[in-house]
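So that you can tell them apart, the chains are marked A, B, C, D, E and F in the order they are listed, and the count of residues begins at 1 in each.
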Amino acid sequence: MPDDIRIRVVNPNTTRAMTDLVGRSARVVAGPGVHVDAVQPTTGPASIESHYEEALAAVGVLEQVRRGEAEGVDAYVVACFGDPGLDAAREVACGPVLGIAEAAFHAAAMVARRFSVVTTLGRTVGRAYELLDRYGYAGACAGVHACEIPVLAIEAPGALARVTAACRAAVEADDVDAVVLGCAGMAAYTQRLSDAVGVPVVDGVAAATTFVAGLVRAGLRTSTRSEYAPPPPKPVPGLLGGFAITSPAALAAVPH
Amino acid sequence: MPDDIRIRVVNPNTTRAMTDLVGRSARVVAGPGVHVDAVQPTTGPASIESHYEEALAAVGVLEQVRRGEAEGVDAYVVACFGDPGLDAAREVACGPVLGIAEAAFHAAAMVARRFSVVTTLGRTVGRAYELLDRYGYAGACAGVHACEIPVLAIEAPGALARVTAACRAAVEADDVDAVVLGCAGMAAYTQRLSDAVGVPVVDGVAAATTFVAGLVRAGLRTSTRSEYAPPPPKPVPGLLGGFAITSPAALAAVPH
Amino acid sequence: MPDDIRIRVVNPNTTRAMTDLVGRSARVVAGPGVHVDAVQPTTGPASIESHYEEALAAVGVLEQVRRGEAEGVDAYVVACFGDPGLDAAREVACGPVLGIAEAAFHAAAMVARRFSVVTTLGRTVGRAYELLDRYGYAGACAGVHACEIPVLAIEAPGALARVTAACRAAVEADDVDAVVLGCAGMAAYTQRLSDAVGVPVVDGVAAATTFVAGLVRAGLRTSTRSEYAPPPPKPVPGLLGGFAITSPAALAAVPH
Amino acid sequence: MPDDIRIRVVNPNTTRAMTDLVGRSARVVAGPGVHVDAVQPTTGPASIESHYEEALAAVGVLEQVRRGEAEGVDAYVVACFGDPGLDAAREVACGPVLGIAEAAFHAAAMVARRFSVVTTLGRTVGRAYELLDRYGYAGACAGVHACEIPVLAIEAPGALARVTAACRAAVEADDVDAVVLGCAGMAAYTQRLSDAVGVPVVDGVAAATTFVAGLVRAGLRTSTRSEYAPPPPKPVPGLLGGFAITSPAALAAVPH
Amino acid sequence: MPDDIRIRVVNPNTTRAMTDLVGRSARVVAGPGVHVDAVQPTTGPASIESHYEEALAAVGVLEQVRRGEAEGVDAYVVACFGDPGLDAAREVACGPVLGIAEAAFHAAAMVARRFSVVTTLGRTVGRAYELLDRYGYAGACAGVHACEIPVLAIEAPGALARVTAACRAAVEADDVDAVVLGCAGMAAYTQRLSDAVGVPVVDGVAAATTFVAGLVRAGLRTSTRSEYAPPPPKPVPGLLGGFAITSPAALAAVPH
Amino acid sequence: MPDDIRIRVVNPNTTRAMTDLVGRSARVVAGPGVHVDAVQPTTGPASIESHYEEALAAVGVLEQVRRGEAEGVDAYVVACFGDPGLDAAREVACGPVLGIAEAAFHAAAMVARRFSVVTTLGRTVGRAYELLDRYGYAGACAGVHACEIPVLAIEAPGALARVTAACRAAVEADDVDAVVLGCAGMAAYTQRLSDAVGVPVVDGVAAATTFVAGLVRAGLRTSTRSEYAPPPPKPVPGLLGGFAITSPAALAAVPH
């Protein structure tokens, strides 16, 4: 077990305020001996509300994880609810990598029988269901609900009231005993939402940060047996050429 | 129903020989009135055998689909078995978009009760299972098997024999009545494999090409109601800046 | 690949107007080089709204498929939403056979994340759920809704308005991005429904016709390895004696 | 609760020896106050080993159930492992109707955690899996295995030894604690198989007979709320004309 | 097959009136040749409305089953809807053991396509869903609904009206064709509920009693191959020391 | 977030050596600021290898959790792979409670695509599958394998070699990239097994300890909305009378 654990929270979008927010959310729960920093890609969309943006953002996540490897980071959190680039990041990181959707579902299942998800825009609901299936929570989740607030407006006046109303409605309609927040941007609201609604409200940034630190303490890192082994070196022509992995040793390098 | 249908087969990797191969595979089944061209991205990995490469390749798929929109293409086939960028491509294309994994599963289910998948490297098996779940074929697929031939060696001497052996073994071990080929590069082998193994062998390029043409003839295109609506315009700083969608009208434009 | 493809659409009920309707629906999407005819059994119920009628209708489907084999038909569509006799038809046909429920589900999944089904009578809802399970679409379908119009009244005045209302209500209540029509008799309404509701509306007759033609072009026919091999010759005493298969060669013959 | 219960076991094929066998199997377990008779259709295949034959046999099942209604039968067992015509039979019978596959799965789940199915020909395996899904036993069943003995040879010399070997192999390979027999014709072997293999061996005829009697004693009959309500009266031209239901009262009549 | 069958209905709680009720419910359907007695533990909660109480009650069930073994009982019914101690009871009983939740689900699936469950307190809904999953009925059950009446108030004035209303509402909201009663205490209401709601209403005590008698008649008892073999002898210090199994022969003894 | 976190690891069996072992396993990963103690019930079986023993052990878990509540414990780990009494413990604890099966599955899914479970006796395999279903890991787990070593012999000479062989065989046969240890008694072997087999090997005691500490840091505790609310006060006559909850305030008391 390392004496000190370095966790990097990667905000997959390129909005600085969001990066700062997820960094604060992670630090508050990290506990003694865990050092958290928060970063964002040098390229990619300002927020992620579509599959198109998620595809672009995945590239940025990989850029930051490879940079982290060069800097000796122990573990990563991918801090967007679509878990963009998560499996790819596992291939290029030595330590464990957690997405916040994944972590939030795990946490909710630990403190409740069934939960609902409250997310931003309705167009992201399908991706949430896909992730629920992927992680085995199709049965534990009773519904995914959108409050139709764009990601970058989630801290605007009135937003908390709308998210609160959506959480309350979800608990009643779905008869669940917990709520998962479907956007990293809602992290600052967690405690107030839980107080207002009367059930555990789960923020994936907090869950992922403590769980990934736990994996490091337990000596667990991503398997390299097959699927998540480092990608084979291979040419990458054109714009993304800096992302080519030219040798196994070059994995821990900053794409340029 | 359009008199003539233009289908673009997008090879997500940047290897010209593979692009030519999938183009031929598609043309041979397209039928009268269907015009097929085959393209590849200007950037991205030479082949796709990891999540990391798939994430990079998705960007190239989006580049080519947006180019196709500027050129009036009616429908698209994403010709890599991981279906990279498929959901994102649906958001930026007017006409239907099919992945070859998806199409191959549909086709196999139409001619057989249960099928096995024979793919290239063992490290891609997990993604195949994920797609089977995503498309509803977890029950219909009895096994995914790797023949451990890299994608770019799939036309090398001896490869056909190994793929044949893998198909035969899968049919016996899994007791299935069809085989799905887990790599676009195997398309040229389809008929010989079917003859050798004695069951339908499904190539996703052929299946996707005829099915997507069928969708066009039936007047069906991707829903724009919610999830697959065009992405909202938004800044994209840095390397991927050319992929920013600056206005709804700019969707049909070549990222630069 | 055959130069010309002969597709037979089998209406499983014995109502001539329905046979004509499904024939028209199929022809309109078939495309160049595809010849469609539409037939109906010489015996069986006037419409199919119960399991009892479906059991009787399956016999008629088999009669018409065996007749088609004697006439050199390349592929078949079973044009009733319960897919009656589909597996049995596959055993006696050389070419592929598709049911319209099956094809409609595939098509809907190609253009939407989740769909609802709008069908005729409530008593057929259970069968629709059974088929969704059978084909792997239990997760993709968000609901099956009846508009409580008998099959043979589906073209009566006022019916379109009721079906439209049911489609609209399903899209809202289930939050889906496509609708599948649960009766071949609704085929003529497809375009108007899609225009009115604003999402893709899928008619199984069109979907099955273009997909089964695609299977023929791709060289795919039902597997004969095990389950779908021709039935063994065997005595059939009594009323159904004409359906006995007296030798493998006799498969392609008209039951009498 | 009726004083005496009349149960009719319908053998869906037209082989008298099989009818006698299932009658004996049912009578031996029926218990006091339960009267069992066994019947077979006047038309249909000599045995059922394909979907084609199952479709023909369903008509015969309906013939016999309607005759039973005219004679005051309290409950029915459909004694072929494909449960042919079961849902249709429920629509035309007042009392409960059980298939032997269904009943065998229920019974096996009551005395074991997981079971395997041992059936006749490999071509029937797909139907067995379909029924396991239909009844909710996809998880409880660990495997379906064929001993490749035709139905009508199941009492031939050597057959018991092969079935025994198949049961033993299934228990070892699948690590299960019970076996379900996949053919009514194996009913006479049940006790010997159980003794030889050392786990409960479940014959569906016995299970269905005692369970359907239990339903009658518990006052339970098939719901008539929606799906299983009697079929609406309707014309049936041609060969199957005798199966037309001309009025609600005519349900309890012998098709001719 | 035994001439006479002795079935013991174990009420897992310690309320005498409930024991008497489930005894009556069982006797009324048992049929000739089946002798039913009803017992309750010497220790445990007065009613079972939480996981905590269920854990305590399981001990009482085991006490009574071991006592039954000493007295030559042929089969057991565990008469609380959470099926407490069921798997454990199977390990210590020679004959079959059925829970009433399990039996009710089986029975409902035999007479209806889909059913709803109407239970007592909302806090037990999660356990009901867990059992539905365990027994394979997640797909067949459309909803679990609480009427918020404590178990011991289920025979109080006004209770029948509330349960009736809950059943009616469930049938309409879930569009099901049967209702399962989620508490043994509702058994006396079964016929009146069925008459009022117009669908089969299933009481698990009746279902379990007739089914377990059927298992005995069919010669089926719990498998002893692996999971349900008798527990190995082992020390049990402290309060529960009387429950220690000191030797295989001591299984059939009353814990003290 | 509390400055110091008190976690109690409850060994559900009554063997002191096992209690000491799980205490050590937990302490080694707990990290700064987390205080771990390990306890065992005053009554219950020496080891847990059957449902019968699990039912007895659940009572002991509840005894120790209620004692912990009286002593101000922040969170609990139930350290037996069957997760005995877990849901009940959640009802009587203020802080979060994790089972080691549950936690191990979560951890394995975080570092691998698919895992196998290696457990002690074959008779516990069914319970493992039940828990996999319960927690949503039926798809992620490729197999549960027994090495047929009794729990209390797991530290005997030769045991490590057998467990190692079982883990290696599971990885090959199931083609998985991680292994979950199916018994708390294997915790001391974790690192050696991982080194020998070359994939992450997950011990649930370590996983549960770090995760439950993470839940406390993230401010998450079991929901009290419905299912996991404290049990209602109620009489408990007889042997278990000390477990009665006489008032809400009495929850935090040692049963006697």
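Quick note on the criterion: a residue touches a chain if its C-beta (ideal position, glycine included) is under 8 Å from a C-beta of that chain, and two chains touch if they have at least 3 such contacts.
Computed from a predicted structure; not experimentally measured.
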Interface residue overlap between copies chain D and chain E, same or different (over half shared): same
Distance between the centres, which are taken as Cα means, of chain F and chain B, whole angstrom: 44
Chain centre separation in whole Å, for chain F relative to chain E (CA means): 28
Numbers and ranges of chain D residues touching at least 2 other chains: 113, 122, 125-126, 133, 138-139, 175, 226-227
Each pair of chains that touches, named by its two labels: A-B, A-C, A-E, A-F, B-C, B-D, B-F, C-D, C-E, D-E, D-F, E-F
Partner chain E, residues of chain F touching it in the complex: 14, 41-47, 49-56, 58-60, 62, 85, 87-88, 90-92, 122-127, 130, 133-134, 150, 226-229, 231-232, 234-241, 243-245
In the complex with chain C, residue positions of chain A that touch it: 122, 125-126, 129, 133, 138
Of chain A, residues touching chain F in the complex: 1, 28-33, 96, 98, 102, 106-107, 109-113, 135-140, 171, 175, 177-178, 190-191, 194, 198-200, 202-203, 206-207, 210-215, 217-223, 225-228
Chain A to chain E touching residues, read off their complex: 113-114, 139, 175
